[in-house]
Every structure is written in structure tokens, then in C-alpha cells.
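Quick one: the structure is below, and I'll ask about it shortly.
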Amino acid sequence: MQGEQLKQLLEQVKKGDLSVDEAVEKLRHLPYEDLGFACLDHHRAIRRGFPEVIYCPGKTIEQIVKIFGALAKKGNNVLATRADEEVFEAISQTTEFAQARYEKPARAIVLEQKPLQRSKTVVPIVTAGTADLPVAAEAQVTAEIMGQRTELIYDVGVAGLHRLLGQLEKLQNANVIIVVAGMEGALASVIGGLVSCPVIAVPTSVGYGASFEGLSALLTMLNSCAAGVTVVNIDNGFSAAVTAALMCRKIEQGG
Amino acid sequence: MQGEQLKQLLEQVKKGDLSVDEAVEKLRHLPYEDLGFACLDHHRAIRRGFPEVIYCPGKTIEQIVKIFGALAKKGNNVLATRADEEVFEAISQTTEFAQARYEKPARAIVLEQKPLQRSKTVVPIVTAGTADLPVAAEAQVTAEIMGQRTELIYDVGVAGLHRLLGQLEKLQNANVIIVVAGMEGALASVIGGLVSCPVIAVPTSVGYGASFEGLSALLTMLNSCAAGVTVVNIDNGFSAAVTAALMCRKIEQGG
Amino acid sequence: MQGEQLKQLLEQVKKGDLSVDEAVEKLRHLPYEDLGFACLDHHRAIRRGFPEVIYCPGKTIEQIVKIFGALAKKGNNVLATRADEEVFEAISQTTEFAQARYEKPARAIVLEQKPLQRSKTVVPIVTAGTADLPVAAEAQVTAEIMGQRTELIYDVGVAGLHRLLGQLEKLQNANVIIVVAGMEGALASVIGGLVSCPVIAVPTSVGYGASFEGLSALLTMLNSCAAGVTVVNIDNGFSAAVTAALMCRKIEQGG
Amino acid sequence: MQGEQLKQLLEQVKKGDLSVDEAVEKLRHLPYEDLGFACLDHHRAIRRGFPEVIYCPGKTIEQIVKIFGALAKKGNNVLATRADEEVFEAISQTTEFAQARYEKPARAIVLEQKPLQRSKTVVPIVTAGTADLPVAAEAQVTAEIMGQRTELIYDVGVAGLHRLLGQLEKLQNANVIIVVAGMEGALASVIGGLVSCPVIAVPTSVGYGASFEGLSALLTMLNSCAAGVTVVNIDNGFSAAVTAALMCRKIEQGG
Amino acid sequence: MQGEQLKQLLEQVKKGDLSVDEAVEKLRHLPYEDLGFACLDHHRAIRRGFPEVIYCPGKTIEQIVKIFGALAKKGNNVLATRADEEVFEAISQTTEFAQARYEKPARAIVLEQKPLQRSKTVVPIVTAGTADLPVAAEAQVTAEIMGQRTELIYDVGVAGLHRLLGQLEKLQNANVIIVVAGMEGALASVIGGLVSCPVIAVPTSVGYGASFEGLSALLTMLNSCAAGVTVVNIDNGFSAAVTAALMCRKIEQGG
Amino acid sequence: MQGEQLKQLLEQVKKGDLSVDEAVEKLRHLPYEDLGFACLDHHRAIRRGFPEVIYCPGKTIEQIVKIFGALAKKGNNVLATRADEEVFEAISQTTEFAQARYEKPARAIVLEQKPLQRSKTVVPIVTAGTADLPVAAEAQVTAEIMGQRTELIYDVGVAGLHRLLGQLEKLQNANVIIVVAGMEGALASVIGGLVSCPVIAVPTSVGYGASFEGLSALLTMLNSCAAGVTVVNIDNGFSAAVTAALMCRKIEQGG
Amino acid sequence: MQGEQLKQLLEQVKKGDLSVDEAVEKLRHLPYEDLGFACLDHHRAIRRGFPEVIYCPGKTIEQIVKIFGALAKKGNNVLATRADEEVFEAISQTTEFAQARYEKPARAIVLEQKPLQRSKTVVPIVTAGTADLPVAAEAQVTAEIMGQRTELIYDVGVAGLHRLLGQLEKLQNANVIIVVAGMEGALASVIGGLVSCPVIAVPTSVGYGASFEGLSALLTMLNSCAAGVTVVNIDNGFSAAVTAALMCRKIEQGG
Amino acid sequence: MQGEQLKQLLEQVKKGDLSVDEAVEKLRHLPYEDLGFACLDHHRAIRRGFPEVIYCPGKTIEQIVKIFGALAKKGNNVLATRADEEVFEAISQTTEFAQARYEKPARAIVLEQKPLQRSKTVVPIVTAGTADLPVAAEAQVTAEIMGQRTELIYDVGVAGLHRLLGQLEKLQNANVIIVVAGMEGALASVIGGLVSCPVIAVPTSVGYGASFEGLSALLTMLNSCAAGVTVVNIDNGFSAAVTAALMCRKIEQGG
């Protein structure tokens, strides 16, 4: 649409139906959306191959099913995060997306209808305790649907350091590591001090009392004295995975 | 004094000058302080050998000098914490307490005029970074004036785990360990997971931004998943040392 | 396993199949886990006789039953904390752990299949109000399964000081005291000022409004002007009991 | 002015120059200030004998001197709170208020130029530590210039309960008690549980670390389980004193 | 009991069976509870006529019924606050306390089995909005069972100032006023500026968003620039009523 | 009533039964309510045409139905906000207000029984995400029942800037814009920098973790570096709409 | 510059040197800045007559002088906010801006070198206490340099309601009111309930203790139950004034 | 040293002076530091070419000079962050490090004595306002001494979107972007929505009032709805730069 409007304008200039000054004036007032779209297309081109994403909380089941359908029909892969099981059931009942599956621990719906180009390298997703697994699972599902291979290393909290040290080689060979931890969240600092790659820290809301729903782990991670540790929102396995996948793609593509 | 008042009353009962009922009534109204002192004396007896302590902030120099003098004159050891250097100068100028010394890193004034019975065991005071040293020093000065021997192990933060692991044997042989750490405060958890003795964690106000003056380290330590870790107030090296010394005395005395 | 790998390497050196320099290089790259395990074993040896512990929140019932079974089969005592009654029912239905019992006030599952060596001394667990009892009960169950005898002293809040003073002798004879209090949490300071042993303070989430889920009691306890008071996380009766038991064991063993 | 305007209107009604309906309409639209002043006067009458008060922070020395002068000239007693010494010097230099004095510990300027009617009863102002004295002093100066007699009972914190119990009789005879305490602020609860009169609790900013500038003491006092305890702002000795003086006046006047 | 023990001791002194020194020693070690009870009795005497109170949250229904029964059997009036309707039903089913009634808006159970001496004066309980009524009702029920007459003035928030001003005379004649307000809590300041008696401010958890469960109203009230305003915990109608009743009793008794 | 009382007084003055001075005195003491009402009427006159509003939370269904009926009977339009569907059902069952309708997304009940004078201009209500729609809907329903036309522009969050820029012309022509956003709430700043009219920012509680129930969006909006942005409470679409409608009315009326 | 680049491109199309498709492609890649500037210009046109503004904190004196000079040379009016007196002295010393003046109470530097079109209406700026004056002054200076006339009404806090009511008529006639208040910040609600125009509330950091640097006033204002009240950042008199001036301009221009 | 100890042990095995079993036992008890150093060396090897870093706050000038000297003598590059100018002067006076320079805006001391391998790609460091420059400068100095080339893009805050859009191409071509912003911190989200590479967000303490020393910007960035945004501590330009440099090195090395 934007192209057409712009072309017509330029044709008018070419034909002399519109003076250059008039054209300048008209261009100034073209709705931003059109010009903006150019940016959007370019932008999307770079991100090609990534799934469309729906963040479910605050949306009604009807809204989610509708958005899911619209995105799926374009042929893209679709990821719905923080989805209750009943959302998946509603999507299943439409019978249109037989391939859609429910990743229960991650509370995610995944529709993989376009082949993925799987990464060469593997991102370790390290988690301190069993209760942190749902957040780690969200990170894993997200990375995988972006084509990024992952390995889940679990139950290696700082209170049992030997278990962590047993995984050291894997960690020291990684390009980027996702660390998922609640309670005191010290794991990110400890790992950050042992490796030379960036560490993406995901505080979780696991804990009670003075964990204040993840605030404790969040502050710990932000104050990490190990440089190279960056932090995402509490329980935000999704964003950690997107960041890690973006990094790894850059690395595999050589920038 | 209380003894005298009580004795007189009992003598009156004995002599018949006072009926039993009258005595009961009088005893009910004896000022609590007198009865309370009995408790106090007993209490002090248990704590015998400990120094008198002055917490300086919020007191004027004049007040501190006066309290210091009063306590010192009883012959006890005296410890003044959080004392600015000018407080020490004011005390020095009185020329009465030639033995008083200023422990600069700990900001403490120590008057040791009564021989200390030195403990057999040593309490490790472990600290993450150079900036945490003043708090560790306060703990050390406090423990030492209580007769508790200590060893300062410094600069073993979690971001350089190998330095910590190099001290492991010492830590595993201790009866109790004081851990002093700011920023993310993860050191207490890591040590708590490596040893089988109680760990007293002292969060410090070292850090900036989201350390929120020590809040981050405090929350980390409270949320430690390593059981056996207890926490004192931010920068409170004094209380950590008192607790450690009380414990060790119990251990050396066998309860 | 680690031993085998190391032995073979040393045999090769001995036989001359491997030069010293090659061996040094190989040793540098031995996975940490192996070396770490030596530490672990030593560590466990010290902690011998303690139960295995499962913290239930955030774990599915299936996960808990599985972990419980795995730990129980080693013949150890097992403690599952913060367990809903339905978790206990699921464990009961496995019919494998007939000895397992549910401690309802403490919300704990206890499997005592190995004889306990009961401590000589008794730890007072003091609680301010009836609503603090579940946290005190968690502390009691935890200490008892560690072999530490306890005595629950309840309903002695600071608003009725005479009840507390009536228990003074018991408190003054203890080696360590656990104080459990919500709302304003002042009890820890008051007791801390009356005794000469360490006090472990457990703030509880009992209260409303400006108690902010236990924050008020936590801050009060951290700011206690009675030295010798250390604090654990809100509602963390478990960690207080572990600390107290570790201390008392040290005392009975003489360090 | 208001009186004049109203009188003229009523005169017009009297003379028949204005109908009753017209007068009603005019009265409806009289500026509120005039009618409001009637209220003000009445109000002031009730509060008669109280000093005029200036809260100094945020005002320039020039502004304070000007306001002080204006209030003093009406012949009332004047109290300036939170006044730096240089403010008092500026007021002294005006040479107009020779009677004005500077209460250094309270940081208050007092001008007592009208005789006070001194109360029969005495309000105990109890304070936990030496560092709380400035706030207690502000309360004392404020109460005294309102005619309310006070007695300062200091250094009776909960960590030395026997000293407090020694003052019990005085406290149990009071009509109202002001309790000033920083750090953990437990004193208000303890006293509240020992007496049957209202307790006004003043948290102070004395402390460090997790005292968070008085927040800890404030929360403790708000959560007091001793009913009858009400709380004022951190360090607000002034408001506590005003409340206590208002109460006592009511009591002495029999309502 | 304590009396007996003390009398016997004094009788022994009188008879010469016990020397004065022995008696002094014995008295020192009398359990505090006994001596404390003297204090307690005296204390209770002052508070005579007040009801026994049970704060229900955190207690099981069984515990509440048991405590209720125990207190009721002494013949006292009993007040159970924050009681769910099912608690009342459980008490009703015991059929022992036919007089017990459930005050639904206040969520309180009241057993009035001893005649009340009703106060001469009336305490206005002013509330800003309909949603604040439960807290105001708790204050009202509490005051009434203490014999204190009250009048509920509702829906006079600062956003409709004229309604408040219409009640001004009543407020200006009161001895003490309870103000109950959520959201911005400004009502306490406004009333505090219009009257010359103490104002007890009760912040409520009414509101949403940045009211942070009553924190906003609490801070507003603590920062009131109208001196004479003191504050209780969020939603604590009970404590406000106790304080007001204590004050009024003092006033009616003339101190 | 007030009129009558005032008229009688003036009649007395007219007749000479009351001197002017006596009348002045009597007028001073007329209850505020009467005089206040004059103000009220005038005030209401200005606000004429606006609906009566009921904020439902914290009110029982019975209370809401009663208030709704009372307001509706005066013939005004009525708006009940934050109303659960069952409230609407209760109102429907009264059969008196057949015109009342339930606006589900906004959770509002609207009774439009008086013709609205619809505004000429349109207020854009811009929202960042689907989950913010309920708050935007509350703003829309509120504005519309005040006669203010609106246009909802949704799903134009800052993470997809081109969609926002496509709406730029509409925004730049508005007199005032309402921006509704949760999570990071950056939309208000971005729009504020693109337009020259006031922007009313409504933070929403949409988000998780460190959004702290809308606190993050609230702080973002308060710190906007784009001048001309003002903020209302979290989720307070109602107040934003009232403010916008008041502004637009002023503009259409020329002040 | 942007114009030139665009013109040349269009000339090339006109001449046939560039095909329409090539031109479309080129336009897509024109740096955004150029197209953006069109928007900027248009935007600025709307805001014409407003001063350039420099927010001083965090900038060095050298930076401020340089920016001030650059803006002043374009012939616009310039406003520098939060400027220390030494900044003004540095600007004075450049001798270039003789007209620049320092508004001391507002801490603002004003250069008025272009005639202002003064508004017909007046914005009341109401302030609770003397200490709030600097923030009110910032609002006043800002509004005036935007051509908006203002009237400062001060010292009308809610604790002296009659003074506020005396100003009621002025307030009820305003198009918009700025309310500046610290401490409990209740003034905004009270005024909001008395008037029918929008109220812009500015919380100030005036206060101590639980005012938490303005947080208390901020929360109060956000929770105002008087609809039509919107809030800006603590101490942000500038933004309040800009918003008020934008509104009034719209009103005077009829939208 | 560790090498020597290990070699000797292996030589003993080779010579038969030590049995394999004895050697295993000895190796188990080698201090961890030695074994740890193996890890450290390997680790350092990966990080080769990076500077040694000193974080200055909390260290005395004497301590910093000493540490600086020790690190510098190893021939490495040294970076001292958050260094006051007087620290640099003290280092200058040692006359040993003539090459050391002071980067004033970044408050950093840089000693570059080893040639840097400069990166091929450039990291954009984008900053919202002039006051954010010191943090951006710290990031820039840090990255540059790690060999990472950077470009500072400043003053492109969201309130002037066109300036940002003018830099879009540069941003869209980057491998990673550092965004530095205070106040509302919205810039990170806006950029995150426009690019497809990871964005490292640095909240700054720039702002006032409800910016709460950077908390507002921190929360905004954590809540960013643009995936791929990770966050570091407030004002932590250093850690952002280290992370970005680590990433870019990986990319240039192809993992």
C-alpha cells in the first residue's frame, strides 16, 4: 500500500503533474506508518525464522485462540507462553492446528510448522533447584523453537558446590550460559566467576519470606561482582532464551 | 542496697514488729529494681569477663568520654565501637587511660586493663572484598577483647572460587565461621554449603545502585538455601563476634 | 570411579608410560567432580547422622514421592518440610514407608528408620503467640529428627512480660534459644537481654497491615540491641533448628 | 472586615433596604473566609494558652526570624522546632526577644512570655538509649511550653529489662506515657504490656543498616500486640508531646 | 498461690526456722512468675471491667472455641476479633454461650455476660467511605464492650468537604476522635486541623494500585501536619478503640 | 432547612427582635452544614450533567443496589465502576432500571437515562497491549457517559514503534491523550515527546516479577522526561477519563 | 539539508535520471533523521513560543553555559531549571546575556528575549507550607516564561482549613489548578473535592521520617478519591506548569 | 609453585618412593588452591588480553596505589574504576606509571602498557541525556581497554524520538548495543523494539524524586516488553562493557 502511494506520487513528479516543492510537502505528511513499514520489513527480515509469540496472561481464551489462528495462518511457527492447560485445550478444539503441542512444565504452546535451522552450539541452562524448573523449561522451549539447541543442567545450587564443579568443563566451553535461580540467587555469581562467556541470569520467584517473590534473587544477580552477568525480569525464562539465541546466531554467523 | 532493705524487713518480721500480712503487702510494692538486680547480678556473673561496650553514634563526644570513664574506673575492659578518631583523641587527652588504643580499620577504641583468658579455638572471619574489611575488623576487635581468638581470611569472594576453595580445610575445622560480604552477599551460602558448623553472616553496605545500602546482601543471606546460616544487621560485625564468642565459650566449657 | 582414574594415571607414571610433565597436564584437566567428591565425602562424614531433607514447595507430588523414595532407600532418616497433607497421603499410598508419619502442626513428614542419638541438653523454643506455633513446630520437628531435644515454651509475648519472666531460669540455663515471633517481633530482644547464650530469632509472617508478611518482625530482630541475636528467614523454623542442633552437637562434643 | 460587611448587611435588613430573601441570597455568596474566621476564633479559643509553633526545616533564616517576630508580637509563647543554632543566633541579634532561649539537645527555640498554667500530673517520657535523647528532648520542651509537666526516664531499653522494671510504679501511675525508641523499637510494646494507660510511641531514626532510618522501629511500634499503643512519625517528639498534653488537659478538666 | 508461698516463708522467719540471710537467698530465687503475678494482679485491677480478647487469625477453630470457653467460664465478657462466621457457628454449637452474638460487619463475636458501666461521653468514629465500614465497626464493637459509648459518622471523606463540615460541632465537642480512612487517608489531617482533642487515625487497606494495601493511608496519617494525630496499624480498629476507651475512662475518672 | 433558619433570623432583625450584634453572633454559630450546602449547590451546578458514580469494591451487593437505586431515582445518569457481573445481575433483578447495561470489558454498569451532550472533539485512548484493555475500557466508558467522545487505539507499544508512528497524526491533533500501559510503561514518554498536548498516563498492573503490580509502570510514568505528562493511580482509568473530560469541556466552552 | 536531499532526488525523477522504482528504494533508505525532522518542525510549530529548557543537575557548569549559549543565540527564550547560583554567575560572566536573570527561590535562570503573549486566564498555584515554596516557585517561573499568568496562594494546608476555604472562589473559577504539597499531601484531595476543574498535584520532598523524601505525599495524591487529580514526579514543579500552560493555551484557543 | 609440588610427588611415584595408593591419598589432601590454580590458569588463558581491574570505592588511597602497583608490575593493562582524581594524583606521584592516564568523565584510571588487539566491529553506546554521560564513559573506557571499539551516541532520549530514529541504521547493524538511561529508562525498550541484536541496558541514578536513585529506570528496563534486553546494576557501565566485549570477541572468533 505504502509502495503504491509513493509510486503514484513519484509518477506524478515524473509527468510534471506535481512540482518538486509540492512533492516535498506531500512526502512530509505521508502517514508515518508507511515509512515506518519500510523499517519494519527490514527489521523482520533480520529476525526471519523466529516464531511469532503470544504472551497469554491478561488475555481471554477467546483472544488467544484468535491471535493464535491469525499468526499460524501465515505459516510461521508460533509460541504461546504462560498458557494454562485450558488455553491449549481451546486451541486443540479448533482442530486446525493438529501440530500444536503443550509443553506442560514450561506452560507453553508450541506450533512448529516451518522447519527450524538448528544451531551448532548448545546453550547450557543451569538451574539451582527443582522448583526453578518451570522457568528453565520456558527458556528451553523458547530457545528450541528459535532453533537454538540447549542442555538443561539442574540441581547444582551453591549449597552443594561439588555438583556444580562437576559440570565445569561444559560451562567453560559455552558461548553463553543461562542461569535460573530463586531464593538467594547466588548461582549466577558463582558461575560468572568460573567462566569467560556472558551469563544471563534469571531470578525466579521461588522462595518464601524475605525472598519477596523473587526480589532477593533479582538484587543478588544485579549486584553480582562477577562482570559479564546481565539480568532479566523475575521468572522471565523467555527473554533470557531470546537473548541467548540472538547472541549465538550472531556468533555462528560471525556477526 | 536492695539486700539491706529486704534484710531490715525480714528482721522486723522476725522481731514481730511487722505482721506477716503487712510484710507480704510491703514486698509486693518493693521497687522492681531491687528484685530485678538480683537477676541482673546473676546474669552478669554468667557474662563475667566480657568487656563493657559503648556504641558511639548519636552520642556526643562529651557523653562518650564520660561513659568511658565511668566504665573504665570499675576496672573492666572497655570497647567503644563506631568511634571516630576524634573521639579517641578526646579520650587520650584525659590522660587517664594510657592503655586505651584506637583500632583504626575497625573504628574501635579498646581499653584492655584486665587480663583476658584466650580461647583455645580460632574463629575464621571470612570476607569477600577489600571494602568489607572495616566490618570484618570490627568483628575481629570485638571477638579478641572477649578473649576469642580469630583469623581473618580475606578477598575470597565467589567470583574467584579457587581462592575460597584453597582455604577449605581451615573452614571445615572451625566451630563457627563469620562471613562478611557486601554486594550480592553470596559468600555465606557458598561457605554454608561446604561446612558443617554454624555460619554467622554479616551483610555489609558495600556496593552501589541496587545493593541499596546492603539490602541486597541482607536478603541474599536470609534466603540462603544452606541451612545453618544465621544473619545479623547490615555492617554489624560487633553482634556477629559476640554471638561467635558466646558459642565458642559454651563449646570450650562443654555447655 | 575417581580413584580408579587417578590410580591408573599414577600407575602409568610409575611404569614410565607417562612422563611427569604429561601427568601434570592430565591432572590439570581431570573433571572437578572427581576431586570435588573427596571433599563431599569428608563433608558428609562430619554431618553423619543427620536426616536427608526435602523442601516441598514448587515440587509436584510425583517429584516429592520419587525423591522421598530414593532417599529413604539408602536407610537414612528423611524429613520433608512444608508438605501438604495430600503429599503425605501420596507417600502413604506407596505402602513402602509404613514408619513415615505426618506432623500436622509443622506440616512435616518424618521417616525415622535409623536410631537417633538423643542430645543431653534441651533447646528451648519460645514463641510469642498461638499463631506462631506452626513455625515453632517446624523447628521442633527438625531439631528432634536431628537428635536434638527441645522444649516448647509458648504464649510468652512481651505484652505479658510476667509470663516470660516466669520461664527465666530455664532460659538462663540453655546453651542456645530459638525465639519465634511475628507481629512486632520484640520477644527476641527481650530474651536476648536476659540471657547470656546465643539467641536464634525466627520472624514469622503472623500479623497484618504494616507487618508486611513478616517484614516488621524481621527488621525488629535484625535491629536488636541485644548482642548475640542472629536471625533467619521469615517462617524458617527449619534453619533455626539446624543451626541450634549444630551448635549443641559442637558443645556436647567439646568442639 | 467580615464583621463590618455582615453588620452592614444586617443594618440594611433592619432598615428595610434589603428584603429577607435578598439577604439570604447575599449571605450565600459571602466569601468563605469571613465565615470561616468565626470558626477559627472559636477553635483558637479552645486551644487557648498553647504556644504558636514554627517548624524550621525548609524555611530560610530570614523567613523564620520574620515569622517568629510576627507571632511573638501578639504576646503569645512561641516554640520553634528543629532549629539550628544559627537560627537562634539570628533571633538573638534582633534584641527584641531577650527571653527567648535555645534548648540545645532538643534543637528548639522557646519564647515564654506569657505565664503557663502548669499541669498537676506528670507525663513520663521514656527513652531506650542515649542517642534517642534529642527526640525525647523535643517532646519534653514541647510539653513543658504547653504547661504539661514531664519526667524523662532514660536508658531503659529492653536489652536491660531490670532497669525498666525498676521504673514500673511510676509508669503504672501515669495517665499517658511517651516512649521514644530507635533500632528495634521494642520498648513501646513492653511498656504497653505493663501499664493500663495509653502509650504514645515515637520511633527514632537511631540505628543503622536494616533500621532503614527508623522504618524498623516504626513498623515494630505499629505492629505492637499491646493494645493502647499509638504511633507518630519517626523522630516526631513534637506531635507526641502535643497529643499527650491534649489528653492530660482533658483529664485534668474532666473532659 | 504466690501469697501462700511467701506467707509460709515469712512465718518461718517469724518462728526463727529460717534465718534472715537464708530468707533473702530464698526470695532471690522465687520464680519470677509469682512476684510477677503481684504486678499482674495490680495491673488487672486497673483494667478491671475490660473484656478478655481473642485475636482469631492463625488460630484453628478448635483452639478458638477452647480459649473462648476458658475465658467465658471466669464470668468475664469476651470479645473475639477477626472471626469468620464459621467460628461463631462452632461456638454456637457448644450451646454453652447462648448470649454470644456475631457482629457481622465487624467480624467480631461478643459475649456480654457481665453488666457494663457505660461511659458518659461519646467517641465519634468517623469514616471516609462505605468500604471502610468493617474497620470502623470493629472499633465500635470493641469500644462498646469496654463500656465506651460511640457514634459512627460515615461517608464524610475529604472529597466532599461540606458533609464533614456539617458534623463539625460534634467533632469539636469530643474528648477523642477515631478517624478511619483508606485510599489517601487525608481525613485524619483535615479533622486534626479542625479540633483540639487527640485524633486516633486508623489507616485501612481499602484502595488499589498505589494504595499498596493501606501503606499510602498509613504514611499520610504518620505525616499529618496536624499535631495531635497518632496512628495505629492498618485496619486495626481494635487498638484504636482500646486507646480511645482508656483515654475516656481516665477523663471521666479525672486521671 | 438552612434557608428557614436563616430567614427567621433575618425576620427577627427586621422586626427589631434581634439586634445586629446579636445576629452577627448567632450567624457565627450556625452549623457549617447549612452554609456549606450553599457551596455544594453552586459546586454541583458547575458539574451538572455528569453522572453519579459508585466505586464498587468493598461494598456489599446489597449496599450497591441500594445506592444505585437512590441515585437513579433522581433521574441522573449512573456509573458503577469495578462491578462484578453478579452486581449487575442483582441490579437487573430489581427490574427498575431496564436501561442499565453491563460493560463487560470495563467491568462497569451504566445507566443512561438523561440525554448526553456529546463533545465535538475526540480523546484518543492509547494502549500498549491487549492485557491493558480492561483499564482502557474503564476510561472509555467513563468518558462516554460524561459526554466525551473517545477513540481506542490499541496494541501500539514501544516494542513495535512503527505501529505507533502510524497513528501519529491522530495523536498530534488531539487536545488531550490518555495513555494506558503496564509492564515498563514507556509508551507515555514516547507519546509525550511526539505531541504538544497534555498526556494523562495510566499505569496498569499488567506484568509480572519486577513490575510489582504496576509499580514499575507507575515510576516510569512519573519520571517521564517528556513534560506535559501527568499520572493517575495504577489501573485508574476512571480518573484519567474524568480529567480528560473536564479538560475538553473547558476547551469546548472556551474556559 | 533534508529538504535539499529530497529535492535533488525528486528533480532526478523529474528529469528521468532516476526511475520511480529506484526512487522508492532510495527513499526507503533515507536516514530517518531527515524525515524525522519534518515531524520535528511541524511539532515545534505547534509548540511555538515556548522556551528552550535546560535541566541542570548532572551537567557540568561548562556544559550548561555552552548549551545555554547555543539555545540563546537562536533568539528563543531560555529557561534553565534546578540551577545553582554559581551556574548563573558563570552565565553572567559571559556578558552575552545581559537580560538573563536568576530566580532565586525557584533556582531557575530565565532569559526572556522574545516578547511573550500573556494568557488571559490565571492558574492558581496553591501550596501547603512555606517549605514547599521553592517547588511552587519553579512552577510559577516555568508557567510565566510560557506566557501563562499565575497566582501563588500559599500557606493554606489542610491543618488550617479556614484559610483554604477563604480562597475558594478563586479556585472554583480556575481552568486548572496546581497544588504543591509535601508531608501528607492531603491538600490535592481536599481541593479536588471542592472544584470542578482538573487539579495537577505536585508532591514535594518536604517532610521527614515516614515522608520518605516525598513518597508519602506522592502516594496520597495518587490515591486521591477526588477524580480529576493527576500527579507529577516529586518536586516537579516544571512539568506541572508545562501541563497547565498547555491546557490553558488549548482552552484560550478553543482546542 | 603448585606445579613444583605436584611434579615432586609424581617424581616420587616414578622412583617408587611413594606407592600409588599413598599418592592418591596425598593428592586428595593437596590444598585446593593448588588444584584450583590449574583451573584459574586455564580460565585466565581464555580471558587473555583483558586488563586487571580495581574497583576503588571502599578502598583507601594507600590500598589502591599498592594494588595498582602490584598488578602493573606484571606487565598487564590496568583499569581502576570509580576513582577520584586524588587517587590518580597519588598514583602519578609514584612516578612509576608515567603511561597511566585519568579519564575524567568516566572517573577511571587507565594504564595501557601492553598493545591491544582492536576489534573489527563497533559497539554503539547510546545514552539518553547529558547527565548519563559519566556512566556511558565508564562503559566506553572499559570496552576500549578490552580492545573493543565503541561509538558514543548521545542525547537521543525517547522524548525526542526523531533524533533516535536518525541513528537507526547504525543501531540495526550492530552486534550488541549498550543503552544507558536514567529517569524513566524507556530508551532500552524503544531500541530493543527496533533492532534484532541483544541490548544491554544500564539504568542510571540520574533523576530525582520517584526515580529513587535509579530504581525507576531499573524496573522499567527489567520489565521491557522487547525481548533481548538484559540489565545490569544501576550505573554499572563497567559490567555492561565487559559483557558486550565478551560477546563481540565470541562473534569475531566465531564462538
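For this structure, a couple of remarks:
By written order: A, B, C, D, E, F, G and H. Residues from 1 in each chain.
We take it that a contact is a pair of C-beta atoms (placed from the backbone, for glycine too) under 8 Å apart; a residue touches a chain by one contact, two chains touch by 3 or more.
What you see is a predicted model, and the numbers here were worked out from it, not measured in a lab.
Both chain B and chain F are touched by A, D, E, H.
Set against the Cα centre of chain G, the chain with the most distant centre is C. Interface repeat of A-C: among G-H, A-B or D-F, over half of the contact pairs recur, by residue number, only in G-H. Rounded to whole angstrom units, the spacing between the C-alpha centres of chain E and chain F is 38.
Mean C-alpha position of chain D lies 55 Å from that of chain H.
Residue positions 32, 39, 129, 161, 168, 194, 209-211, 215, 218, 222-224, 233-234 of chain C each touch two or more of the other chains.
The full set of touching chain pairs reads A-B, A-C, A-F, A-G, A-H, B-C, B-D, B-E, B-H, C-D, C-E, C-H, D-E, D-F, D-G, E-F, E-G, F-G, F-H, G-H.
Chain E meets chain F in the complex at residues 129-132, 161-163, 165-169, 206, 208-211.
Against chain B, in their complex, chain H makes its touches with residues 31-37, 39-40, 55, 57-59, 63, 67, 203, 205, 213-215, 218, 233-236. Taken together, the chain D residues at the contact with chain F in this complex read 3, 6-7, 10-11, 13-14, 16, 20-21, 23-24, 27-29, 32, 35, 38-39, 41-42. Residues 128-129, 157-161, 183-186, 189-190, 192-194, 207, 209-212, 215-217, 219-226 of chain C are the ones touching chain D in the complex. Across the complex, chain B is touched by residues 39, 42-43, 46-47, 53, 120-121, 168, 172, 175-176, 194-198, 200, 218, 222-224, 227-234, 238-240, 242-243, 246-248, 250-252, 254-255 of chain C.
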